[in-house]
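Take a look at the structures listed below.
What follows is a pair of complexes built around chain A, which joins chain B in one and chain C in the other.
Let's look at the complex of A and B:
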């Protein structure tokens, strides 16, 4: 069955009242859990599994897929409004999204996030429909040396997020890398920096770290200013709450770019939406006519990562549906669901169960439309929430943070970590050290470490392996070019800082 | 005030969602036989989680149990969290756990662990999951004996893809290397998917895993199975010879088992009831299909037989961890 034929068949069987109903329920639930930090799609799908296994497989999986990408739409909401990244992929959205909210442009940010998600989400599904077999090949050929090179490249990009001071970017990145080493070492089984705390054996919980540093840190620093003034100016006119035609025009290249980057990175198992969102952010900054706005409330800086984050869904479905290899936590849950339905996910799934796979893919087109229709009318409502005085808003942020972090593992220890990282976030703001490089390095660290150690084990500790394989050699080449640009383009600033420290 | 009320509405909505989630995962259960909950140390979608749900599904659909028992996922601490949860609920007649060798090994690697498998009430060792050895379909190795011969010729060049250094496949490698006098490398990956793609890319030569991990790739002609570890053939791959048939001794290899255990001091009548349920389960057609799909071998060892088996495995795993210098509990 060719792709177009399959898709049309899929659409035909996806458009039944039952399927559409559960698709909308899935999207709605997904949006809700996306808004809340902590309770992510895996947990939600898990709760619904007993119910969903009673459905026929296509209906159940359509609903679960709806939760998956619905959560991606919802994830931007708290990042923009409250500086709370609900998922690791929303960390980058915080940077410009929250700045926009502070300037009274929350509605525009939320609106562009929804539109960008729709455009790129659809691009991602188109990629999944027509390029799946090709993309699966790429995923298989991406081994440890390739991941190592990708991570070197990505960590260099992380420093570029640093803002004005590269030195402070480095500091943040190294703290992040250090924190990511805490836990059980995969290779030796040794406990690293856990202080014999069993709770730390699995590593630091990401949500506790990111919500602490971003949201709690922000609240703490703001409490110092004891003003009664309203936090955010929110325009009262409906038209000013939504992105203007000019905003959309300005963000279109970022959305399309994010859509393509997101899909490409999404097909690599493990790299995922976090890498996709910030790689696309950096590219958008480099391509933008107004790069100086980035970090200070650029609408493109919201459009690009949100777009990448959503087209990643289509990409991540590729290894899952073509090879039975889940690329992410949610992928693993969907894989479990496939097994429970008696559909063995693997290379033969498309052939043996085309009647289930194609309706799921078709439903993703419909789901993206449904989510746009659902999300846009909510934007003014959410944006106006920011009129709330800070006396109410801050306790609410702290409450949502604590509840969200607790709900990940139902662990009080994690709430303690939230407090620790809240204080760290506060200190970093005092010292003007940017938080984003820390959080991203924390996500990338384990991938980088594992990949580098795996490669060196394969090559008996010879680094030549990185240059022997074409994909990794290309990426290393790109990283070298980037390093040169970084060193010479910003050389003077770095030197000045070094002099300052010496003096 | 209006806006404050709006905010509160949102906060309350959010809180009720969390409450809903908490209820969902802790699951009321209910029903005639009282609430029963089954704990697994996997997050949803993990091997042990899926097996637990499949087992409950078979019992429920065959009317052996009258409610669909909820599953509680306690992934914290790689079985330590799940075990602590069980031990906190001493004497509970409705609390079961689906136990794997991880539950044996992890407490041994933690200094001053307050929990151990010995505290739980044994019910039944339902099945074992013999490991199979797979290679790329185009690999020159057609039996594990071929691989061993090559590994002896070129020590430390062939590569086995696997999990963490304390996982079953890694420990199995140690036993095999010692017994055979051959050496090969071990490449750790976090998930099974990466191990399979490492084989497909020819970064690794072999992988040890359960039949269900690889059966689809084998069917698609991408991978081939070159041995089943142990002395029992698998229904999933009836043509594949066992390591014993290939002349390789694997009696000291740790076995991946799937057992059901209860909360500490579970009342004897409850234990008896669960043992009867599980004995009925392993006789059903659905179960027989399931073990064929998953590559399991039915054991249903209860009482003394179960305890003896557990003791034997504890000694094997404990000795291996000791050798690695990872034993922290003594």
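Let's look at the complex of A and C:
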């Protein structure tokens, strides 16, 4: 059975009234649960898994696809409205999404996130349908040196989110990398900087760190000025609550590149969607006719990471279905669900269980459509939430943050970490230190460290290994070029400013 | 420049007033100078604090963790040592840039907004959150949540509007119902009661 035949067969099996009903229910539940901070797609799927396992494999997995897409969209809703990233991949969406919300353009941001998710999610699934075997071959060639080089490249890209001061961006990045080393060293079992706290043995909880730095830090900045008014303006006209034709036209290149980048990076197991979202953000900024708007509420700055975040799903399904390698937390939960249904992901899955695999892929198409049809009408409702006076909204944000962080591990210690990182987030903002490089470096740190140490183990501590393999050599070369561009580009900008001042 | 001045003097009264508003007065200049000095001092101290923190962490990494493993492979202290060295360098670089950099010395660098009143208000809210986090274990989410809300109503915002007070007081039970009852995410009930 070729890809097209398989897909048509899958669509035929998936489009039954029962499957469609559960797909819509899954999408709705996923959005509603995913909107709660701390409950990203993996947690949402895990919570709702018992509901889906009551059905036959095809229906259950179709419902889970709906939950997954819904949860992803729910995560971007809190990022845009409240600056609370539900998971690491939503961090980049916060940058421009929240700025848009502050400018009274939350509806447009949410709308473009839904449209971008649909366009790129569809691209990702098309990629999965036709390129899965080829992409799987490339992914197999990615060993520790290639991952090390990719992470070095990705960490240098993080600096591009640094804002005006590259020095402060590097400081934030190194603090994030250092925080990621806290916990048990996976190679030796040694405890690093845990202070004999058993709760730190597994490392600092990402949700506590990200919600503290982004949400609590932002609340503390916002309440500095006592104001009787609501913090954000929300337009009253329905037309102004949704993206205009011009907004969609402006965001289309960002959506398409986000879709392609997201799929390609999603194939690589690891922090796929996080890397995908900010690589596509950087590319969108470089390609944009108005790069100066990025970081200040650019609609392309929402479209690109959201698109990448969604098409990554299609990419992440490639190693999951063809090799049984889950690329992320969500992938691990989905793998568990597949095993629960008696399916063993691997090269033979497409041959032995074509009756289940193709309906799953088909359901991803349908999930994308259901997401757009259901969530676009809900955008004005979500945006209107910002009409709430801020003195009511901020205690709610603080309490939701506490519940969200607590619900991840049922740990009071994590709530304490939330408080600590909330203060850190506030101090960083006051001192004009960008928080995004810290949070992204924290996510990429463990992957980078593992890959670097594995590579050095393989090569008897010789760094030449990075140059001996074509993919890693190319990536290292790109990283060097990027570093030169960063250094000299900034230097030139500073020099230009000095010349202007002198003149 | 002369042309610019001539244009300004020929403007209408209202426009001239606006221009005057836009033009920095000597008092504004003094404020800006003070802010620039403060920003410079804060950055120099910040750089030194980061460098000192880096040095302390480097000391801990070197003394508590092995830099190399048994077969000379990178040990658990490998990355922390490299990272802390970088942090020391970056901290010192930050101090140096703000101490001797041309932009910082000429006062052209962007200033930080460090109003004591604003920082005090933010720290008060942070303290309320810290109290709530501290009370969650012994008193449970509901009571700790109500303590946070009451601190906001009575101490921080001094809210008098009855509908707002009712909304805020109902927040913790609403969240408890949503998470604990509907989603079955067990929230702490309080060790003091159970």
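Quick notes on this one:
Just so we're on the same page, the second predicted complex is superposed on the first by the 482 of 503 C-alpha atoms of A that agree within 3 Å, B and C clash if a C-alpha of one lies under 4 Å from a C-alpha of the other, contacts with A are read in each partner's own complex, and residues count from 1 in each chain.
Convention: a contact is a pair of C-beta atoms (placed from the backbone, for glycine too) under 8 Å apart; a residue touches a chain by one contact, two chains touch by 3 or more.
Note that the coordinates shown come from a computational prediction; the quantities given were computed from them, not determined experimentally.
Judged by the number of chain A residues each one touches, B leads among chain B and chain C. In the superposed model, A:18 makes contact with neither chain B nor chain C.
In the superposed model, A:403 makes contact with both chain B and chain C. Judged by the touch definition given at the top, the superposed model places A:45 against chain B, while chain C stays out of reach. In the superposition on chain A, contact is made by A:392 with both chain B and chain C. Contact with chain B, but none with chain C, is seen for A:141 once the two complexes are overlaid on the shared chain. In the superposition on chain A, contact is made by A:430 with chain C only, not with chain B.
Legend: residue contacts after superposition of the two complexes on their common chain; A:56 is shown touching neither chain B nor chain C. Applying the stated contact rule after C-alpha superposition, one finds that A:196 touches chain B and leaves chain C untouched. Legend: residue contacts after superposition of the two complexes on their common chain; A:187 is shown touching both chain B and chain C.
Put simply, chain A uses residues 33, 36, 47, 187-188, 190, 389, 392, 396, 399-400, 403, 407, 410, 457 to touch chain B in one complex and chain C in the other.
Residues of chain A that touch chain B in their complex: 32-33, 35-36, 38-39, 42-50, 53, 139-144, 184, 186-191, 196, 198-199, 201-202, 269-270, 319, 323-327, 329, 332-337, 339-340, 344-349, 381, 384-385, 387-389, 392-393, 396, 399-400, 403-404, 407, 409-411, 450, 454, 457-458. Only residues 42-43, 46, 50, 57, 60, 65-66, 69, 72-80, 83-84, 86-87, 90-91, 93-94, 97, 102-103, 106, 108, 110, 112-115, 118-119, 121-123, 125-126, 129-130, 132-133, 136-137, 141, 145, 148-149, 152, 156-157, 159, 164, 167-168, 171-172, 175, 179, 183, 185-188 of chain C touch chain A when the two sit together in their complex. Chain B makes touch with chain A in their complex at residues 3-4, 6-7, 10-11, 14-15, 17-18, 20-22, 24-25, 43-46, 49-50, 53-54, 57, 68, 70, 73, 75-78, 80-81, 109-113, 159, 164-166, 185, 187-191, 193-194, 196-198, 200-201, 203, 215-217, 219-220, 222, 293, 324, 326. Every residue of chain A that touches chain C in the complex is listed here, in rising order: 33, 36, 47, 164, 167-168, 170-171, 174-175, 177-178, 181, 185, 187-188, 190, 192-193, 216, 219-221, 223-226, 389, 391-392, 394-396, 398-400, 402-403, 406-407, 410, 412, 415-416, 418-419, 422-423, 426, 430-432, 449, 452-453, 456-457, 461, 494, 498, 501.
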